[in-house]
Every structure is written in structure tokens, then in C-alpha cells.
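Both complexes below contain subunit A, partnered by subunit B and then by subunit C.
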Partner chain A sequence: MTDIDITSQTMDGMGPHGTKVGLLRVLGPAHVWALGVGIVLVGEYMGWNFSVGKGGAFAALIACWFAGILYSCVAMIDSEVTSTVASAGGQYTQAKHIIGPLMAFNVGLYLVFAYTMLEAANAITAGYLFSVVASMTGHEAELDQRPFIILVITFLAWLNYRGVLATLTFNLVITAIAFIAIITLFLSTSGVLGGGIMEHAALFEGHELPYGWIGVLAAMHFGLWYYLGIEGTTQAAEEVRSPARSLPFGTLAGIMTLLIAATLTWFMCSGVLPWEYLGDGVSGSVAPLFDTARLSGSTALVWLLGFGTLFATLASANGCINDASRAWFAMGRDKYLPGWFGAVHPKYRTPYRSIVFLVPIALIFALGAPLDQVITFSILSGLLGYTFMPLNIILFRRKWPLDTIKRGYEHPFHPIPAFTLLGICGVTFFAVFLGYGTQLVAMIGFYIIVSLWFHFWRYRFVNRGAQFTMPWPKPKGY
Partner chain B sequence: MAHYIPPKQGKASQLFDVVVLVVLTVGSLFVPLWLNLAGAAKTVASPVENPTWEALGQNAAQAAKYEALGFTPETAHDLILARFDYSFSVGALLVMILVIVLYYFLILRFSESEYREVISEKFGK
Partner chain C sequence: MDLWSYLEYAAWGLSALFGLHILVDWLRTDSTYSEDVLTSSREGELEAMAEEHKVH
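Moving on, here comes the complex of A and B:
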């Protein structure tokens, strides 16, 4: 056994980056859980229901569970790798150490775009929610949602600018409230407490699989939205007190929470809302849990789920700003992007330039593109990232077998999770192709162009050996 | 391996790199929208004149939910009848597969050559 041990208190895998001021190590497992679940829980409050529109309610349930398998594989693989790569940037830093710089550059961009688009989708939903609340409280004219969208993004960016502990403690509180709101709605409407309002059999009658089995495949596209972002827990690696323990614990607890929340959400919404309405997230149900509460007849539930939806969108946008800025910062620090972005705020110890830079990017998409397109852009970037993960873990185990680096967590049944993940990614690519093939090709075309730009231009500014910051032995085969 | 010393990048060059990335990003995401190639639009293949809940294929429970949500058969017509078209050509599917495989092949190939350089400088031959 080597002496390279991330579980050590004195040698936790952090490598020198040459910066005088580092990020602050203040987070615990609960913050990691809050970061992961906080980003994703909004997926139960909005967006997942597009999968109902793609193939019907049963198709959405099948997609929910297959996407659950995909993300369980992601969480297991990620937990093992990140428990040894305790550095900001998450999968970007993993790719840099395991596959190579160009892969890392691409993975860094996947992360930034997946999270920035998700942040934009959250802001759109928050704007919608304010307009609904305005009409419920007597405002008659159409409310202009744009000021609220701008306010949400800039307020959360300011919070992120000021410090990570306050940011993620805020997330912990509002995520817990949003999760409790889902449980309360379930208990109140399913018949567990008092009379139930579920009518699954009557609502599904004649519409079991409206598109047949191809609809089930198509539903996989938005099935990812139930869980998209859980992999963001790794972004906190450089700011947790005990990465080897906190990151696997927070990530795996997070995916378990989400599997429960996703199934409950499907059960409640599909048992109350007709599938055509539920499945249309633009003209029909933008916020399905909120709509379910509206049909429950309880004013208290309407307000609870209204706040739950708002808190979920804020928590998600907050976590997205945190994660996207860490990935952008990490790339700047390595000179994959201009080094100016690699600065840490001297007082707040946050990657403040990256946080500020990404604000207008998020605003462009929140104010300029429809919700389903923004979600699709986010999902596509996430999907490309998930396709990288099986390659990453296979190469990680090959280059550093289990007896060469002590892991904080070793995922079981390798390589079955890797191949399962790869197979479900393939199915999801096909699902995206069925509805959004042009975006898929356009986005991959973009990644090919920026890859050539990086390899032939940008990489000249990168210090070769200094990129490898982990205290690991030389990889096998090199 | 000799230690590689990267050139120092000037401020204007850094700014130019950021602008290039932003333009490419916004372009790749918005051009399909501007060209109306975003897809995923639903259409009503067979509209129903003077729609009723029965004509729209809704049973009593389904109709009651729509009414509770504030819909009438007329206002719910497009929402209920619009469908996606999942037909596709095998050629288009093959092009997509080819593009994805080419992309991963490209980045894995270039990454490997860059990675060998990193390992060589970090650990020596």
C-alpha cells in the first residue's frame, strides 16, 4: 500500500497551485448534501413533466427509474474518483489527472454550460411563479417577469460572491423546506392523512402509452431532469473539511433523497393532473407540484408548495452559480482559460471574478430562450459529461489500481456501473435525437470547434507538468 | 523532458479569447433557434370542430380536472390534441452517431498526446 492517502488528516490530496490565497475549507457532509440536492430538487418542481409530454405518464415513470439507475451509477463512480481528487473543478479536475487536458477542457465547459443553463431555467421558473402569485393576489395585468429573473440571478450571484459558507447554509435551509413541502403534499393528497385525491386509473384510461414504446425512449430525454446536477457535489471538494468522508456521504445520501422525491412527485402529479396538461411545461403545467396543490383545495398547501417551488428554484440557481463558477475558476487557474479568472477574493475567499463573469451569460439565456430549449441545452451538456464518466473510471482503475491509491470510497461491481451508465447514455442520446437532433449536432459541432481552438491555440499558455497537482504515483503504462 | 515554459499572455489576447468563447457559445445555442431548426414542436394533426370533452377523448374524470384548471373544450383543444412527430430517417441517425463518435475520438486522441507530455514532465521518463 502506498503512503498516498486522501483519508489522511495531514495529506488530503491537495496539491500546490501557486496561489497565495486558497478557497476556505468550512463545509461538512450536510452542506455537500444541500449542494447536490439543492441543485436538483427543482427538477421535481418543474421540467421533469416534459417527459410526460414526450411519452405519457407511464413512460415518464419508466424514464424516472432508468434515469435513477443512470444517476446511481454517476453517484457511485463520482464518489470513488472525487474522494481521491479533492480539488475545485470536480469532474474537470478528475479528467485533467486521468484522461488529459483536452478532455478536461471539454468537461469543464460541460459543467459550466449545464449549470449556467440550469440556473437560467430556474430564474425563468421563479419569474413565472412571481407572475402567478401576482395574479392570485389580485394583480390583473400581465406581470413583466424580466425584472424578477434579473433580480434572482444577481441576488444569488451577490450571495455567492460574499462567501461559500453562508451560501450553502442558505441552501441547506431552503432545500430542507422544499423537500418537506413535497413530503407534506404527498401525505395530504395520497390518503395517508385524511382523504386522498389521486385518480390514477381514471386519468390514465385510454392514454396509457399515447406514443407507444418509442414514447418511452423519447421520455428519457427529460427523465434526466429529475436528477440533473447531483454530480455537482464534487465542486465543493476544495472547500469541505474532510473530502474523503464528506463527498461520498453527501453524494450518495443525495441520490437516495432524490430517488424518493422523484417517485413521490410522479405519483402525486400524475394522479391529479391530466397527462396532456402535465406534459406541456410551456402552455400547461410549468410548476406541476404547485398545480397539484392548487387542485387539492387547500390554501395552506398552495402557499406551502408555492414557497417550496420558489425555494427549490433559488436553491438550485444558488448551487448552479456555486458550481459553474468553481469550474470556470479552476480552468482559469490552470490557464485553460485566461488566468484572470483564477483569482480568489482576498477577503471572502471566493472565485469572485468567475462568479461575476457568468452572470450576464445566464441572463442572456434566461431572458432570450424558451424554457424547454434552455433545459435541453443543460441536459445535453450534462449528458456529454455522463458519457465521459465511464471512460474516466475505467481509465482511473487501470492507471491507478486499488492498491496504489487509497480511496475514501470504492464503488462496488466495477465495471458493471460504468457499462450500464454508457448504455443508458446511448439511449438518452437517441431520445434527444428524436426531438432536438439539430441542437445536439449544433452543440457537438461547438465542442469540436472549441476543442480544436484549445489544442492548437489555447494550450500553449498552459504549464505542462504543473497541471498534475495530486500527490499520486506515476500512472501505470506511462 | 525539457521543462516547457509557456508564453505570457497579454491582457488584450486574454480578452480576445474570452470573446471568442462567448460568441461560439451563444452562437451554437441560439443559431438553431434563430433558424427555426430547434425542433420539438407539437402539431395538431386532426383538429376537431366544435370540440366537446368526449370528442377530445376525455372521460368524466379527465374533463373534471380540466374544468378545475379553468379550461373549456375549446381552450384545451390544442393542448390535448397536439402531438410530437417521432419519425426520423436512418441517414440522420447515422450522421448523429458519426458526429458523436468522431467527437469523442478526437478529444481522446488529442488528450492522450497532451497527457503523455504532462506525465513526462511531472514524473520524468
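Moving on, here comes the complex of A and C:
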């Protein structure tokens, strides 16, 4: 095997199972970090503050930390399973190996919907940001946002089409800038460097929990925003040089980054902006970190946070294209969808047909659907995916106990994280039901219908013999 | 016409350019390579390599 170098384009060992052209293994832990944090960090720049509107600033902090526990469980569980099932498709491939085809089909669709909707939402946001900059720089007429929305989607799709290394290196740079912007704002406004502008005591007085504990529960829905998408790191599994090391390292570093960024964001924004203004993300504070920078009185901070907001939005859309296309590609490769989607570009080594196919879908939603609906469908699909994860890890540990197969990472305290995740998912479903009950029911109805279609029609085309690819022993009890 | 009006046109133009580039390359790739090569990717190649690896 000395003639094999998995990072090489010509001698990468393709072929044991007939692969002539496969995805390129070129990524490291930093790219995994950039993929996960890149998708999420936009949630710190905007969106999380709706949780303040639901229950006040303290409710938003409780939601921030409870959602933080939820996502820490997600990150730990994902790290263990994906470092062992290291293939494109992430949770879809996990479900295929551990639970079964119908679960895998559903999880695959959750992933594609969650990421494509989030990509559309990011493109809408980018268009909005351009219009804000235009009006701030003296443009008098209403800016046509459509060309900017389309440009964001086509440029990022083009980047993804041309290769994963450039795509995620780009994400690494812009995500790092967006994260540094948050740290810089914290150091400048909290009193660590120079005078602080925080007024927590005055702003919170008499508004500790304006809607009581039901407000805290309702805030959980938007508490997810701080971390939604960190599970996307798993989609890089087939393109990292060392899955067993890079995936746990990148994912866990990612959730730690986000826990810090989320808490700092809450601290800064709630200490400067009144909760009534902060909690209204439509006609109040659309981009709270940017608003905090404006109140700091520093032009440099305004520019830094302005670029931070735009970069976070682009990084998120970019990561979403990467992840949605890998999930779609993996389903095509197994014939869960037409096998045509399982193609890899011979030069760029990307799932090019899946990338191209999802562009018009993202454009339709970005240009034709309202932002809050698009975001809600993304959150609901994500939440269904999180509910699958505890079942997945419990079955994984039961069928293949720790001493039967080698894992890249073994998460501690099992099954406590699994049950914690299941419990918090239940609470969040109730919180979503309070605000978006109709959409929740419609979404579940949709997945039931497509499941019936898969069971009674599509499954006959699935490449059943080639589904199980891991060299594991027979599962315990079978 | 101010700067932002020009930027609107530039955004339309660049979008068309990126879209066209993807489309041309896609059609060229599909007509150059056989479907057998393009869809030959199989899951678990790295695991298969590890399986077949023998320590001498």
C-alpha cells in the first residue's frame, strides 16, 4: 500500500470497490471547524434575538444555555458515530448503517431541506444587507435585492462546484473574521479595553421575566439559532484526510467556539439594547451585534461588525451548499434517489450534479418565499434530525458495543447525553408548536407522505446489496 | 445612475457569468466522460483499503 497517497489525484487508492472517480480527501480539522461554525455563526449575528421577544433577556440566556446543552450532546454523539461511519451523507449514512433504509431516507431529506432552506434564508439576508448598505451610503431609490440574492447563490455554487478545498478554505477565512469581530466587539464594549457601555442592571430592572416561565419555554424555539447547523461537520467525512481525528476535533472545537460566541453575544447585546427593541427582529433590531457596534460610537467597530455580518451570512450559505449537496449525492449513490445524482466531477472531484440541481431550488425559495417561513422549515427539519440522533447512538452502542469496533472518539457518560438530547428536543418541539403549530403538522405530514412513497415505490430501485459498506462485525443480537 | 445602480447591473452580469460557467462545464463533462466513470464512486473506499491492508 506504499504507492497510495489519499491526498493525491493520481495515486489515491481509488479502486478497491470499483471507484474510478471519487471525492477528494484533502480537508483537515480546521476545515471541519470552518464548515460547522461557518454555517452557524450567522445565528449569532441575527435571529437569536427573537428569543428575547418571546420571554425577555433572561429567558434568552436560559434558552442559549439549554440549547447549548442540546448541541453539546449533538456534537458529542455526532463525533463518535461519524468518526466511525466516515462517509458523505453524514447522519443519512449513519441512519443507513445503524437503523435502516426508511429512517435513512427521512434523515437524508431532513438534511437537504434544512440546509437548502437555510441557504435560501442566508441569500435573502445577504440581499437585505446590501440594501441597508446602499441606503446608508446615500442610495435614494429602493435597491433591487434580487441580483444580489442570485449572485450569492450562483457564486457560492460555482465555488463549491470547483472544489472542496477552496470552498472550505474560503469559509475558514471569512468565519474566522466574523468570530474575531465578535471578540473584538466584546473587548471594546465590556470595559476590558477602555470604558464599557454595558447597562445590564438598568435595562433588566422590572423586566426580568416579562412573560414568566412560559416565555422561557417559548424562547427555546429561537435558542436553537445560536448553534443550528453544527451537526453539518459530518458531511465532510468523506473528504477529510483523517476522519477519526479531524471530525471529532473540528466538531468539538466548533461547539466550544459557538458556546463562547453565543454567551458573549447575549451579554453584549442585552447590556446595550432594551429588550423590547432587541426582541423585535423585524422592525426593531434586525442585526443586534451590528446595532451594538453602532451604539459603541466607533466607526471602525461599525465597519468590522458590518463585514462580520456579511461574512457570517456568506459562510453559512456556502457551508449549506456543501452539506446539502453531499447528502443529496450520497442518496443518489445508493439509488435512494436517481443514481444520476451520484456522479463526481472527474477534474474537481465534487458531487457536481447535486450541487447544480439544488441551485434552482434554493433560488425559488430565496426569491419567492417569506424569510420566516423559510427559516421555520429549516429549523423543523433540523429538529427532526436531532430527534433521530439519540435513537441512533443508543442503537449504535447496543449493536456494536465499545469493544467490538474501533471508534475515532468515544463520547463520555452514555446514555446521559442521548436522553438529555431527547428531553430537550421534546421541550423544543412544544416551543415550536406554540408559535408555528400549523407548519409543524404540515411538515410531519409531508415526511409521512414521502415515507409512504419510498416504502411502496422507491425502495425497489435501491442498491440494497451495496448499502452496508463498513467492515464491522455482525451486530450484537443478529 | 449612481454607484448602486451600476452594482445592480454588475451583480446580474456576474450571476449570469457564474451560472453560464457551471452550465458549460457541466455539459462538457457529461459529454466527455462515460456515465460509468462519473457514477463510479462507492462509499467506504477508505475502509476497504484499511481492510485489504496487510502488515508485512
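Please note the rule applied: the second predicted complex is superposed on the first by the 459 of 478 C-alpha atoms of A that agree within 3 Å, B and C clash if a C-alpha of one lies under 4 Å from a C-alpha of the other, contacts with A are read in each partner's own complex, and residues count from 1 in each chain.
In this text, contacts are C-beta pairs under 8 Å (C-beta built on N, C-alpha and C of every residue); 3 or more make two chains touch, one makes a residue touch a chain.
Fair warning: this is a prediction, and the values are worked out from it, not measured in the lab.
Novice: Check whether A:Thr292 is in contact with subunit B, with subunit C, with both or with neither, and answer first, second, both or neither.
Specialist: neither
Novice: Please indicate which partner A:Gly339 is in contact with in the superposed arrangement: first for subunit B, second for subunit C, both, or neither.
Specialist: Touch status of A:Gly339: both partners.
Novice: Touching A:Val356, do we find subunit B (first), subunit C (second), both, or neither?
Specialist: Once the two structures are laid over each other on A, A:Val356 reaches subunit C alone.
Novice: On the superposed three-chain arrangement, identify whether subunit B or subunit C touches more subunit A residues.
Specialist: B
Novice: Is A:His139 in contact with subunit B, with subunit C, with both, or with neither (first, second, both, neither)?
Specialist: The answer is second: A:His139 touches subunit C but not subunit B.
Novice: Could you say whether A:Thr125 touches subunit B, subunit C, both of them, or neither, answering first, second, both or neither?
Specialist: So A:Thr125 meets neither subunit B nor subunit C here.
Novice: Return first, second, both or neither, reflecting whether A:Trp158 touches subunit B, subunit C, both chains, or no partner chain.
Specialist: In the superposed model, A:Trp158 contacts subunit C only, not subunit B.
Novice: Is there a shared patch on subunit A that both subunit B and subunit C touch, and which residues make it up?
Specialist: Residues common to the subunit A contacts of subunit C and of subunit B are 339-340, listed in rising order.
Novice: Touching subunit A in the complex: which residues of subunit B?
Specialist: 3-4, 6-7, 9, 14-15, 17-18, 20-22, 24-33, 37-40, 42, 57-62, 65-66, 68-69, 71, 76, 78-80, 82-84, 86, 88, 92-93, 95-96, 99-100, 102-104, 106-108, 110-123
Novice: Residue numbers of subunit C touching subunit A in their complex, please.
Specialist: Going through subunit C, the ones touching subunit A are 2-5, 8-9, 11-12, 14-15, 18-19, 21-23, 25-26, 29, 33, 35-53.
Novice: Taking the touch rule as given, give the residues of subunit A at its contact with subunit C in the complex, in rising order.
Specialist: 1, 4, 6, 13-23, 25, 86-89, 93, 134, 137-141, 143-144, 147-148, 150-151, 154-155, 157-158, 161, 238, 243, 330, 333-334, 339-340, 342-347, 352-353, 356, 359, 466, 469-471
Novice: Give the list of subunit A residues in touch with subunit B in this complex.
Specialist: 53-54, 99-104, 106, 113, 199, 202-203, 205-207, 210-211, 214-215, 218, 272-274, 276-277, 280, 283-284, 291, 295, 335, 337-340, 357, 361, 364-365, 368-369, 372-373, 376-377, 387, 391, 429-430, 433-451, 453, 455, 458-465, 467-468, 474-475, 478
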